[in-house]
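In what comes next, chain A is part of two complexes: it sits with chain B in the first one and with chain C in the second one.
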Partner chain A sequence: MSLTEVSQTQQSRDLRLPFGLVLLALALCAPLLASTYVVHALIIALIFMLPAHGLNLLVGYTGLLSLAQAAFFGIGAYASGLLAVTYGTPFYINVIASGLVAGALALPLGIPALRLRSTSFVMCTLGFVIIGQAIAKNWISLTRGDMGLSGIPKPHFALGPLSFTVSGTMAFYYLALAIGILATLAVWMIVRSPAGRNMIAIRENETLAESVGIPTWRYKLIVFMLSAAFAGVGGSLYAHYLTVVSPLTFQMYYSTTMLIIVLGGGAGTISGVVFGSLLFVGLTEALRVTPELRMIAYGLCLLVLVFWFKQGFAPVINRLWNFIGGAK
Partner chain B sequence: MFSTILEQIINGVVTGSVYAIVAVGMTMIFGVLRAINFAHGEYYMLGTFGSWFAIDYLGLSYEASIVVGVLSTIVVAYVVGRLVMQRMVGAPAESGVLATLGIALVLQNTVILVFGGGYKFFSGGYIEPVSILGFSLAQQRIIILIVCLLVFVGLELMVTYSRMGKSMRAVSQNVECCEVVGIDVPQVVLRTFILGAALAALSGVLTAPVNVSVYGGMGELITFKTLPIIIMGGLGNVRGTFFAAMILGIAESLVATYVGLQFRDTVGFATLILMLMWRPHGLFSTQARF
Partner chain C sequence: MTGLRILEISNLTKSYGAVKAVNDVSIHIDRGEIAGLIGPNGSGKSTFFDCSTGLGRPDSGTVKLDGQDITGWSLNRIAREGRMLRSFQKTVVFKSLDIEENLIIAGQMFTFPSLFSTFGLGRLSRDRVSALRDRARELIKMAGLWDVRHQRAGNLSGGQQKLIQFASMLMPEPKLILLDEPMAGINPKIIERVVDTILYANKSLGVSFLIIEHNIDVVTSICQRVIVLDQGQKLVEGLPQDIINDQRVREAYLGG
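And then the complex of A and B:
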């Protein structure tokens, strides 16, 4: 859109900044406008947005289809739960530690997995989820098996004499929102950086990327670890929100949900992931759809996405954004 | 001590036979489509449910229920094949994974929605034990072993000599050339898919009397068991799949006895990941293809 065009037509003003501010204001006011249950749905959506952001880096930007996200989500949840229950560490340490633990564990898991080609890589990542669940179930001295960890404290912040416990749904919403915004900004910065462009180059043509001097192996490994770290932070939030962790945190269903968010929203776009988590997790949670119906809907969505809407909602969001931006 | 091990190995071979019948369909589908069928266990589940329905609601005998179970699965497989699998010809590997994951979700949860998520009791079958060479083995297990051998001999003959088997091999080698010489690729894909689904259903119906319980999530468990098998056997390799299934069955049975029952379901993926480190191309293939 050129400058002259703007001066020629009155209506085509760039409304992106005010629109963005309205969205932000809406996000901030949501707990005041919506019922507690809807706020709960929004919190779940925000929590699932984190692993989805990580998966988007992997699937959308680097072109690696992974099902391991639920494994790192579970690792994050357990790391957080164990730290809080055993050592009583505060929330902000748990969140960071969960991200680090998940990211660090992704290194030994990623080195063998990333050597594999497409199909075998998918299988291997699926194996991580299944083995993770078995470990959570059977390492009873650490994880208490099927009973899970309960009594994980709600996030508590203390600074000198000031202390604050995030106990209500509303307070937790703001915490999740803050972390969600930080994560989204982090992804945006990664994607905008030269590293992000290299990732896209690997997605488009790995051999060519390698030949122009991009260390593809190192990139894939680092992105795998980063995506795990995002999932770990998400798992930590989940643990502190529900205050219980069970082996069911390691579920194929979660990996599928995260895949739906990324592919449905539009792989390789940040707005798509935000939109996808609100639509596919937030909306279904808010409408109290039964798990079976929800999974049937997810299944149909996957089929539709694969065969007809390869880019998910990304083109729609783009067009809307351009329209708001004043383009005709 | 020795006889316990031998008994466990025999049990493992039976389990392996069940896996083998399911996995061989999956591996053949991979051969023609280059896509891993994540929904394959669901056809196993559908067959079992069809048979259970026939016995419990229609009052049929077990033999008749086998036919009902397999036929109803074939109908579902035909619909899925026409609507989804045929579209996957020439699609990238990722879309195959996602589409079949979608089918698995739809099939599994539709069954749960219709019949409820609880465990159901399967009452048919021949569960009387027979004593052979000092081991007692349920009749049903012997039937499974025999059917497995028959299936594999039959498949081997079909793949080698019949027109359909030859066209399947041709499609798995080069889709474009098949189109050039006039092989109807979507038709071959559909037939292979239906054959594979029917075999999975057959395996489900035959195993139901041994497992006794029937539930909606049982297909997923079988999918997770057979995925490692087909990769270990070398994707698309029928004979390799047979041996990989036997190895996994025996390993599971031994692990369940000597390590702990709770670790049984992880044996497959643990073995798979170890194998992928050591021989990324499968146990029986000479070079990596996929």
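And then the complex of A and C:
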């Protein structure tokens, strides 16, 4: 009796804080431990985590399936590229401006789109990506068409006499990590606020949410704008990382990748999205070893996901977290 | 003017194509009253409810709540600004959330002054939510659901879910509650608890009620006045005992 009690108390030691610190330390040390190529993959994963976080607010918390994220990602990338190339504005202004531009453009797009019912809404958001690409290709005087924008400078920070350019892969990794952590915190704050509870109510049952006084239409519009802002920031980071932007930034493939991150990681959970972006972006990079079979293998992985992890990896992460927390 | 009438609906009409689902119906609810709305299936009760609460838009007619014209307001605005709440026959609770969360959600928009204030995480916001939590717990106790308060609402029985819905509707101190078949599909024991809750809300909290109900025993025992709809029109209204003995009402129900 006493023996089992002892083993139970040993088992129930809460290791979540040390575990979290180890994860943070790993994240901080990654560029020192891994090859440049892996660090590059991690940067792409961190960049894609931003639109995925935004999409999670929409799909996971408010219950609106959208394929528009690539459109706002592209808008963010072009906004940053144009600002940097035309006006020479620094990175930290571009990244904020891109979020604001994408968020603001989501308003006129969201007003008609959100009037549509579920399937029509999805088709409409898909349209935004295609229209975005068409504009980027054909408004040549602004976007230089298929040539795209090149020579976007790497992020440069200047404070008085001190200045620093984020040029290397390792330095960019830390920049992306910092922005990724800030974005994750922002999502956490939105979700934990009373508004987050209202969003979940809308996801659960829109009519019932209306009946308890929640202005569902306005919430959906605000969340749509917030999700676009996250995508815009991601696009900005992407432009400054690759230093070129082309109409291919508006790509259906990106929208589906972001959706896979959210659904595969676990819609409606923050840890799921963080994990999902590492896993699925990592997976596409890892599969480059077999270029011919890459898409087939990727498709097979998705099938496995659909059949064995219907709610994404969220339940697995949850169980692991409880185990580390010492719960029985 | 705060008159005797809490709700006054005049000449409400709603058509679906050539069918007049509700045809020129006028009713009123007095302050503090429990009124019943009965009628055979397809008599237009639900459409009438929807058009009065903002879920549907009437073709013509006016809805006045506490002297204010609320015709054409949305469901959420009527709930929030008018404090007139309604229940639904089928959708009753937020199924994947626990009972406490269900009740907190039901009270939030009445505590937070604006949509933007709900994004706050500061002291004020936390205090508001904890006040809501306290009130939620009180109501959960009253509804006799204390032991299951952290269960997912969807896991509970139909009757318990209806009790949660009632508790939710009492969160914001409503003026008027419209119930759409509150007794349908629940066992007699819970019917008693629902009846008790309605009477408590009416007597102690001063809430007025309009109730659509098929259970004639319940209607006659709690309603002070009964309105009968038939084929989209008001057939008759009066005291419960007069209504059950009314020849026209019997014919309407028997399809005579």
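Criterion: the second predicted complex is superposed on the first by the 297 of 328 C-alpha atoms of A that agree within 3 Å, B and C clash if a C-alpha of one lies under 4 Å from a C-alpha of the other, contacts with A are read in each partner's own complex, and residues count from 1 in each chain.
Operating definition for what follows: a residue touches a chain if its C-beta (ideal position, glycine included) is under 8 Å from a C-beta of that chain, and two chains touch if they have at least 3 such contacts.
Not measured: the values here are computed from a predicted model.
Peer 1: Quick check for you: in the superposed arrangement, does A:Leu182 touch first (chain B), second (chain C), both or neither?
Peer 2: Neither chain B nor chain C is touched by A:Leu182.
Peer 1: When the two structures are laid over each other on chain A, which of chain B and chain C touches more residues of chain A?
Peer 2: Looking at chain A, the partner in contact with more of its residues is B.
Peer 1: Scan A:Leu17 for contacts with chain B and chain C and give back first, second, both or neither.
Peer 2: neither
Peer 1: In the overlaid three-chain picture, which partner chain does A:Cys29 touch, first (chain B) or second (chain C), both, or neither?
Peer 2: After superposition on chain A, A:Cys29 lies in contact with neither partner.
Peer 1: Thinking of the overlay built on chain A, is A:Ile131 touched by chain B (first), by chain C (second), by both, or by neither?
Peer 2: In the superposed model, A:Ile131 contacts chain B only, not chain C.
Peer 1: Would you tell me which residues of chain A are touching chain B in their complex?
Peer 2: On the chain A side, the touching residues are 65, 112, 115-120, 122-124, 126-127, 130-131, 134, 137-138, 252, 256, 259, 263, 291-293, 295-296, 298-303, 305-307.
Peer 1: Looking at the complex, which residues from chain A come into contact with chain C?
Peer 2: Against chain C, the touching part of chain A is residues 189-190, 192-195, 197-198, 200-201, 204-205, 207-216, 218-219, 222.
Peer 1: Going by the contact rule at the top, pick out the chain B residues touching chain A in the complex.
Peer 2: Residues in contact with chain A: 36, 84, 87, 91, 93-95, 97-99, 101-106, 108-110, 112-113, 117, 220, 224, 227-228, 231, 235, 260, 262-263, 265-266, 269-270, 272-273, 276-277, 280, 288, 290.
Peer 1: What part of chain C is in contact with chain A in the complex they form?
Peer 2: Touching chain A: residues 53, 55, 74-77, 79-80, 85-88, 91-97, 101, 104-110, 112, 115, 118-121, 125, 128-129, 168, 171-172 of chain C.
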